[in-house]
Amino acid sequence: MREVLTTLEDAAKMVKDDELVTTGGATFHRAPMEMVREIVRQGRRGLNLVDREPAIDFDLLIGGGCVSKIRAGMLAFEVFGLAPNFRQKAEAREIVVKEGACQPIIAGLRAAAMGLPSLPVKGLIGSDIMGVSEVIGGYKQVEDPFTGEKMVAVRAIEPDVAIVHAQKADKYGNVRIEGPFYEDVIKAKAAKKVIVTVEEIIPNEEFRKMPEATTIPHFLVDAVVEAPKGAYPASCFNYYDADYGHIQEYMKWANEGRFEEYLNQYVYRRGER
Amino acid sequence: MREVLTTLEDAAKMVKDDELVTTGGATFHRAPMEMVREIVRQGRRGLNLVDREPAIDFDLLIGGGCVSKIRAGMLAFEVFGLAPNFRQKAEAREIVVKEGACQPIIAGLRAAAMGLPSLPVKGLIGSDIMGVSEVIGGYKQVEDPFTGEKMVAVRAIEPDVAIVHAQKADKYGNVRIEGPFYEDVIKAKAAKKVIVTVEEIIPNEEFRKMPEATTIPHFLVDAVVEAPKGAYPASCFNYYDADYGHIQEYMKWANEGRFEEYLNQYVYRRGER
Amino acid sequence: MNSEGTPKVEIPDILISAMAQEINNYDTVLHGVSSPLPVLAMSVARRTHAPDMAYVSGAGGVDSEVEQIFPSSFDPRLNRRCVAYFGLYEAFDLAQRGELNLMFLGAAQIDRHGNTNLSVIGDPDHPKVQLPGGAATAFLMPITPKVVIWITRHSGRIFVKEVDFVTGQGYNHRTEEQRENELVVISNLGVMDFKNDARVMQLRSVHPGVSREAIQEKTGFELIIPSRVPETPEPTSEVLEIIRQLDPEGVRRAEFK
Amino acid sequence: MNSEGTPKVEIPDILISAMAQEINNYDTVLHGVSSPLPVLAMSVARRTHAPDMAYVSGAGGVDSEVEQIFPSSFDPRLNRRCVAYFGLYEAFDLAQRGELNLMFLGAAQIDRHGNTNLSVIGDPDHPKVQLPGGAATAFLMPITPKVVIWITRHSGRIFVKEVDFVTGQGYNHRTEEQRENELVVISNLGVMDFKNDARVMQLRSVHPGVSREAIQEKTGFELIIPSRVPETPEPTSEVLEIIRQLDPEGVRRAEFK
C-alpha cells in the first residue's frame, strides 16, 4: 500500500482544465462540496461534468465558471425547483447540456468500471433523448447477438477524475462509505484518477478489524484528503444532515443575480485560512 | 415482506428434474452441502449444473446420480486432485461437460442479474474453449458498436434455481453473508428461484439494526431454511472451517469405487431423522 | 363526516391516497428523486392495504420505516430502520429483469398518448426553458409493468396536444409488448388511464367536487370520457393521519404552489 | 553456506522464490484456486522486496496478512486481517481495464508458443483424461500484462510439441497487441520466457544443479538456449523462513508428488 494522503489544495490540482469529472453522492447527500469549493477557488475552466442526479455540487461548479459541458440524468434542487446556475447558463447557452437519463449514465460508468467499451441497456427507444446531439458519451441502437432483442448500447463513460466524499479512510486510500453508496464505488472503478475527501482519517488497523465495511480498496484511490464537514451543505450520513436552509439561501442569491456574493462569502473567503 | 421460512425437505422440492441449478460459495467454502444431500436423498435426476469453481457440492450431486450436464470454469478438489465422480462420469460419458472459463460464467450470471440477454467480455479469443460444442449457454464473437473492438458476447445464464448457504437470515429472506460473497449475490439476482440455507435464523430486528450488513434483500429470496452445519464438510466463515480430512476420505471412497458406502453413511442415513 | 379530530382533506391528500391505491400487496415499488408524494403514497400503502410490498427507496433503503419526509427524497433519514441497502443501479437491473412492478414518475408536459416531457420547453438545442431532465423516465416508462405519473397542476399548459420533447414514451412510441404495460395519470383534478384499444388518455375518476367538464376544459386535447365516471374515493382518516404524521412540515404542498 | 538454523533448500522453495521475484513493488497481483505456490510467492514478495504491492486473493481478501496456507487457496482463513474484500468478478473487471498487473496460472500441458492446456487430454468430445478446467486461463492469459505459469513436473509429457487443447492462448493465438504481454514459465528445473522476436520459449535460467542439456531432454520441443544461461538465484534464508512459517504442514509439496 502506498500513502496517498494529501492536502485539499494539492488534490484539487489533480483536476485539470477541460477534464471529464464525476462527483459522488446524489443530490444533497455526500456531495464533495469542499473539493468543489477548492476547484472553484483554483479557477479551473472548461470541465465536462457527468452524473446521474447531481445538484448543488454541479450547480456551484457551473456558477463558479468552471464548466463547459454537462451530462446528467437530472439536475435539479429537488422540491425547491430548478438548479439556478444550471438553468441560467443553459438557457444563455454558456454551457452545453446533453440531456441524459439515469440508466445510460449508470451503464456508461459501469461499462468503464468493467473495462468494457460499451454496455447495452433496455428502455430508451422511442424517447427523443436518443436523438439529442452528442456531447459526452453516446447511444447506439443494437440487436442482441443471441436473441435479436433491440437494445441501446451505451458507450463507456471513463471520467478523468471521480471526486467522492466519504465518512472514513486511511492514509493509503482504503475508504469506508456509511449508509447508501449510490454509484460511488462504480465511479471509483470507472475513473482514471480518484480523489476521496473524508470526514475522518482513521488508522489502517480499523480497516483490518472490519474489512467487510471497506467500500473502496486502496489500489483504486489516488488521493485522500481529510475534510471534516466536507459535504456541507449536503448531508453526510452518521455525521450531519443536509442544511436545507442554506441550500434555499444559495438558490435565492443565485436567482436574484447575487451569486458573486455567495461565492465571496462561502467559497473565496473560506479559502483564506 | 412475505414469510418464506420452510423445511429442508420442502425447499429441496422446489428443485425440479432437469432444471438448471447453480450453487453458492467456491470450492470448499460455503457450499450448500445440506441441501445438496437432501436433493440426492430425494432422487432428483437430469440436473444441469453451472458454476465458476464448484467442488464437492457438484461432485456429490454427480455421484448421487442427479446430474446430466455440467458447465464450470474448473471442477477440482484443489491440491487434492481431480474431482472423483466428475472425472469418472465425464470420462465414461455419463454426463456431458461444457468446458467453461470463470469469466464467461460470471458474465453470463451477471447478464441475467442485470436483465440483459448477453454481456461482452474480453480475452477468450484464440482459446479452443470458444469452439467447444454448446451445452449450456454460449459464446459469440462480436465487435463493439463504438470502438469495433473484438469481444466475446456471453449469453445470459439464468439458473432455474440458485442454492446459497449463508450465515444468517430472517424468516422473510433477508440474508447476511459474512466474509467473502463470491458470486452469491449475483446468483441470487440471476436465478428464477432462490433457496437459502443458513446457520441461524435471526430476528428481523437484527437486520434493521445493521442494514449495511444485509447482502441479499428479502424480495430476491423464495425459501429460507435453518440448516446448522449446512455447509459441512465445506467451511462456513465465522462458524467452522473446512474438514479437509473428511474431504480426503470422500475422495478415497469415490476413487476406490466405494461411493455407495459414502452415500449410505453420510447422505441417506443422515436423512433418517 | 368531518368528525372531531379528523383533519380536513386537502388536494395533496387525495393524490397521495389515489397513488397509494395503485400499489398492490407484494408489489416491488421504487420511488425516485424529488418525490415527496410517492414516498408518502408508498408509506401509506405499506401501513394500510399493502403491508407485504417491497418498498425500494431511491434513497437506498429497503422497507425503511419512514418517520418523516424531507425536502430531498434521497435524504438518508428516509432509510430509517431499513432491512437492507439496495442501490438504484440494482433497482434498475431489477427493472430490466421485469421484477420492478411499479414506479412513480413526474411530468412537465403530457399528451393523449401518454408521452411525457421532463427535458425542455422549446427547441432542445435552443431551449426556452431548460427543465431538470428526465432522470429514470426514458428508461423505466416503456419497460415497467405499471407506471404512475403524478401531476400537481392540471392545465392546458401541461396536458398538451403534443409534447415539445418525448422524454417518456407514450403508447405511440412503444413496441407491441410495451403497449401491454399500464400507465396511470393522477392529477390534482382526477385519475386518468389508457385502458382502451387506442391506448389514449381516458378519464377514470374525478376528484371530489371536480366536474368532468372542468377537467376537459383544463386539458389541451380531447379526453375519452366514459358515460359513468366515479368520484375518486376520499382518503380515510387513517390515511390522513399517516400523511400528517409523516409530513408535519407540509413538504407535500411544495409542488402545488 | 548451509549455516546452522538455515533450513535446507527444496525444489518448491526455488519455484516460490523465483515466482516471488516476478512481482514488482506496486504491482496489483491476483492468485486463483489450487494455488499454494502463488499464495506463498505473493506472501514472500510482500514481506521482502514488494511491500507496497496490492495483494488480491482469490479467497476474496485484499492485502491479507497470511499466517498459514491451507489445502484450499480459497480458505477464508487466508483473508486474515485483510483491509477489504474484493470479489473475483471485481478483480476480473480490473483485468479488463488493464489494471491487474500479474496473474499466476497453472498448466497440464504447454508448448513452445506458450499455449497451455488445462482442459482435456485426447479429443474434447471423447476425453481420454478429463482435466479440471481452465478456470481463469482463457480469459486472463492474453489480456494480462504479465502471466507467470508454474509447472511442478517438468517433462516431455507436459512440455509438448502441440497441446491437445488450447485452453490458454500462446503467442501464436494472440493479437498483435496481446503479443506485447509478458509470459514467464517457472518449472521445477528452470525459468523460461519468450523474449525473442519469434515469441517462442527460451531458457532464462536453470535451477541450481540442473544442466541446460537436462532441461532440453525433458522438453518435448526445441528450447531456445542462449549462450549464457545463469543459475536461478537460491532463495535467501529470509525467504526460506517465511515459507516454512506459512506452510508448516508442507501443502506446497503436494503438487510435486
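Think of it as A, B, C and D in the order they're written, each chain with its own count starting at 1.
Here is the rule we use: contacts are C-beta pairs under 8 Å (C-beta built on N, C-alpha and C of every residue); 3 or more make two chains touch, one makes a residue touch a chain.
In this text, all values refer to a predicted model and were calculated from it rather than measured experimentally.
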Margin query: Show me the overlap between the contact partners of chain C and those of chain D.
Written below: A, B
Notebook entry, point to check: Looking at B-C and B-D, which one has the bigger number of contacting C-beta pairs?
Noted result: B-D
Checklist line | Centroid distance [mean C-alpha coordinates] between chain C and chain B, Å | finding: 40
Next item on the list: State, to the nearest whole Å, the distance from the C-alpha centre of chain A to the C-alpha centre of chain B.
Entry: 38
Notebook entry, point to check: From the C-alpha centre of chain A to that of chain C, how far is it in Å?
Noted result: 28
Next item on the list: Pull out every residue in chain B that's touching 2 or more other chains.
Entry: 115-116, 121-122, 179, 212
Check: Multi-chain contacts in chain D: which residues touch at least two other chains?
Finding: 61, 79, 85, 95-96
Note to self: Chain contact topology under the given definition, line, ring, star, complete or other?
What the structure shows: other
Checklist line | Interchain contacts (touch definition) - all pairs | finding: A-B, A-C, A-D, B-C, B-D
Next item on the list: Give every residue of chain D touching chain B within the complex, in rising order.
Entry: 33-34, 36, 59-61, 70-77, 79, 85, 87-89, 92, 95-96, 118-120, 124-143, 165-169, 173-175, 251, 254-255
Next item on the list: Note which residues of chain A are touching chain B in the complex, please.
Entry: 115-122, 138, 140, 142, 144-147, 149, 151, 153, 155, 178-179, 212-213
Check: Which bits of chain C are touching chain B when the two form their complex?
Finding: 26, 28, 52, 54, 61-63, 65, 79, 81-86, 90, 93-99
Next item on the list: Could you pull out which chain A residues touch chain C in their complex?
Entry: 26-29, 52-53, 72-76, 78-80, 82-83, 86-87, 90-91, 93, 97, 99-104, 106, 110, 121-129, 132-133, 150, 179-183, 186, 235, 237, 241-242, 244
Margin query: Using the touch definition from the top, list the residues of chain A that touch chain D in their complex.
Written below: 1-2, 112-116, 170, 172, 174, 189, 204, 207-208, 211-212, 214, 216-219
